[in-house]
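Paired with chain B in one complex and with chain C in the other, chain A is shared by the two complexes that follow.
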Partner chain A sequence: MTYLSYFKAECLALFRTKQRVVNALLFFVMVVVLFPLGIDPSADFLSPAAGGIIWCAVALSVIVSLESMFKENYVDGVLTQLILSGLSLPWLMLIKVGVYWGAMVLPLLILTPIFSEMLFLPSDSLWVLISTLLLGSPGLFLIGSIGAALTVSLKQGAMLMVLLILPFYFPIIIFSSAAIKAVQLGMPYGGLLALIAAISLLALVVSPVMTSLCIKASVR
Partner chain B sequence: MYSVASLTISDFLVERGESDLLNGLSFSARSGEIVHISGANGAGKSTFFKALLGLLPLLNGTISLNGEVLVRPAQSLLSKSLYIGHGVGLNAALTVMENLSWYFPECHISRFQLVLKELSMSAFAEAQLQQLSAGQLRRVALARLWLSDKPIWLLDEPFTALDQTLISQLEAKMADHISAGGIIILASHLPLKSLPFQRVEL
Partner chain C sequence: MNWVWFHKLGSPKWFFQWASKWSTPVFYLGLLCLLVGVIWGLVFAPTDYQQGETYRIIYVHVPAAVLAESCYLSLGVAGLVYLVWQMKMAPIFIKSMAPVGAAMAAIALISGAIWGKPTWGTWWVWDARLTSVLVLFILYMGIIALQNTLEDVALANQAAAIVSVLGLINLPIIKYSVNWWNTLHQPASFGLTKKPAMPMEMWLPLLISLVGFYFLVAGLAMWRMQSEILLRERRSQWVKEKVMNDGV
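What follows is the complex of A and B.
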């Protein structure tokens, strides 16, 4: 086993189980569509709220896509073999999270302009929204993978995972929607983007190590 | 010939739930030997492998490889050993061939085909694992024994779900391995039919 062969295997496996990613994307679409229907479809309400709506939907769909990330590998004994492979487990976990991130974020970036148009997001804010997505979504996936690894051995772990990781999503969601609001008000938003990037970078350092510790504690 | 001369386990003690398992298990395996661990269900056969590999903490006990005491988690043991446990360790979303090339990226595809032919699995090379039976899954998992060059084999119930033909094939493969100087530690309820082994009762 090498890092490259693991990367290839993960890409192939995710491609074969693409229904999981499609489900998460459909979930994203549903949340975004239901908001205007449920509250107020007018541009006055939607235009300032669009960034927040899209970010909440993104956070929820990331949780949906990550929930069973390690489940099958755990049951099949793949995680045991990964621990025993002699390769560094944090790197393997980073590869896996990276593959999931890539598979989710590309379709999200394609969907976002369509839905921001639907939510009357001004076009000058769209680029800020896309920047926050690019900078913040790695953080969502990295933090989420810790929760998924921590609850992998539990039968009903999904709810616990949501409760554990959602508080850590708050800063990313708050700073992202604040950045979009700031650009709509004509205020500087660079600092907010920097904060989002800082959270993702911190998660990049901490998450693979924490994830592999949780995996090692679960595989017994 | 393999470079491992001996693997010695002494005074193993593992805590599992409320009870202590393995009660000071000690044995030594030299190059070319098979250690057969037997014991009732729940005696700690699987626990032993997990403790040896560092998946479970040891309350007490030492592992020495070639006379050198290892500090856990023992990378030098992991890099020399191949463990096949109850979980098949295969990715269910991939085909048989893809799983093998994930484990052994350095091997050529013709090598996989040879091994699969030997295990009478050629027809299933491109089948997804979901379509295979329990015994066929075990065969794919055991194919790693044919492809690997690790000197120490750690096999937890390797005969589960295998038919008679494959059991004798596996024993023949084990015979090859020990005659090449490898070490095999296996846990099983069945005694080996055709091979000499050192018996360890839990």
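What follows is the complex of A and C.
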């Protein structure tokens, strides 16, 4: 096994279980629909809230999609094989997270303009929303993979993973919705984007190592 | 009354032979009706005095919306048939029809959005009709997801049938949403029972287009059901013989 062959195998495996990605996207749609139906469907409420709503939906659907990330690999012994393969486990984890990120972010980027239109997001904020998504979502996936690795050996790990991981998503969500608010008020937002990018970069350095530690602890 | 045809419908083999005779002519008849209706509606029908040319979207939007509801009604009936009589064909029908219905709901939503932009000044509003059709679309997607996710075929059949029946509750909500709530969406502009609110030259192409949509969907569903039957009955003798004799 090489890094390249692992990358190809992961892509193929994800493609064959594409319904999982579709389910996570449907979940995203459902969460977005909840807000106008549950609170207020008027443009006065939705227009300033749209960025935050979309970010909450993204965070929740990312957790849902990552929850089963290692489950099957754990059950059928692939994780043990990865540990024994002689390749660096953090790099393998990074490849896996990268594949998940690509599969999830591309459709999300297609859905985002549609839903920001449905939530009456002003069109000048759309590009800021998309750049926060592009900068912030790697952080979501990298942090989420730690939670998925932690709870991989548990039968009912989903709820625990949400409880563990969601607090780490708060900074990304706060800075993203602050950036979208800033552009609506005509204030500079470059610094906030830089902060989001910094969180993602920090996660990029730390999370593959942490994930592989958790995997090693779970597989015995 | 002779009920033999009803029992025969339960047999995949009989249905396959029947559908292979009928699906192609039905589909092309639908395509012909649709072309006639749409071209007549888009080019020759008179301009509306209130909405101008934009009203012409109804020749696509109304049939798609009607079909989205009809398809779901048929799913619900099939689900009920499966739950009561455990007929083999019902889950095959649900599985083949759900993506078609989802496509119809998507066409209705998208064409409505395109019409809404010049008329209401917005692509989307969260009003009762639009939201309930969005829920219909999500229900279709849920049924598709259920069948793709559950690996146990018997469980997937049962679950899809139950969800199909449960989702029927949404249909009256869609139908009467424009009457119950004060919505931006106008009340039904098309009906067979009451006198049409539009002149004959507008109404007739709409009727032809609607009939075309029905036939088109029926043909599509039969095609999809044929391939689903072949997949599910792949171990049975008649499928093996058919593939050996005719090729795939």
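The rule we apply is simple: the second predicted complex is superposed on the first by the 220 of 220 C-alpha atoms of A that agree within 3 Å, B and C clash if a C-alpha of one lies under 4 Å from a C-alpha of the other, contacts with A are read in each partner's own complex, and residues count from 1 in each chain.
The criterion applied here is as follows: a contact is a pair of C-beta atoms (placed from the backbone, for glycine too) under 8 Å apart; a residue touches a chain by one contact, two chains touch by 3 or more.
None of these values were measured; they are calculated from a predicted model.
When the shared chain is aligned, no partner comes close enough to touch A:Ser88: not chain B, not chain C. For chain A, the partner touching the most residues, choosing from chain B and chain C, is B.
By the touch criterion defined above, A:Glu72 reaches chain B but does not reach chain C. Contacts of A:Pro41 after superposition: chain C is touched, whereas chain B is not reached. In the superposed pair of complexes, A:Arg220 makes contact with chain B only, with no contact to chain C. The residues of chain B lying in touch with chain A in their complex are 50, 53, 55-56, 75, 78-79, 81, 83, 85-94, 98-99, 101-105, 128.
Contact residues on chain A toward chain C in their complex (touch as defined above): 19-20, 22-23, 26, 29-30, 33, 36-37, 41, 46, 117-118, 120. For chain A in complex with chain B, the residues that touch the partner chain are 1-2, 4-6, 8-9, 12-14, 16-17, 72-73, 75-78, 80-81, 83-86, 216, 219-220. By the touch rule above, chain C contacts chain A in their complex via residues 122-127, 131, 134-135, 138, 141-142, 145, 148-149.
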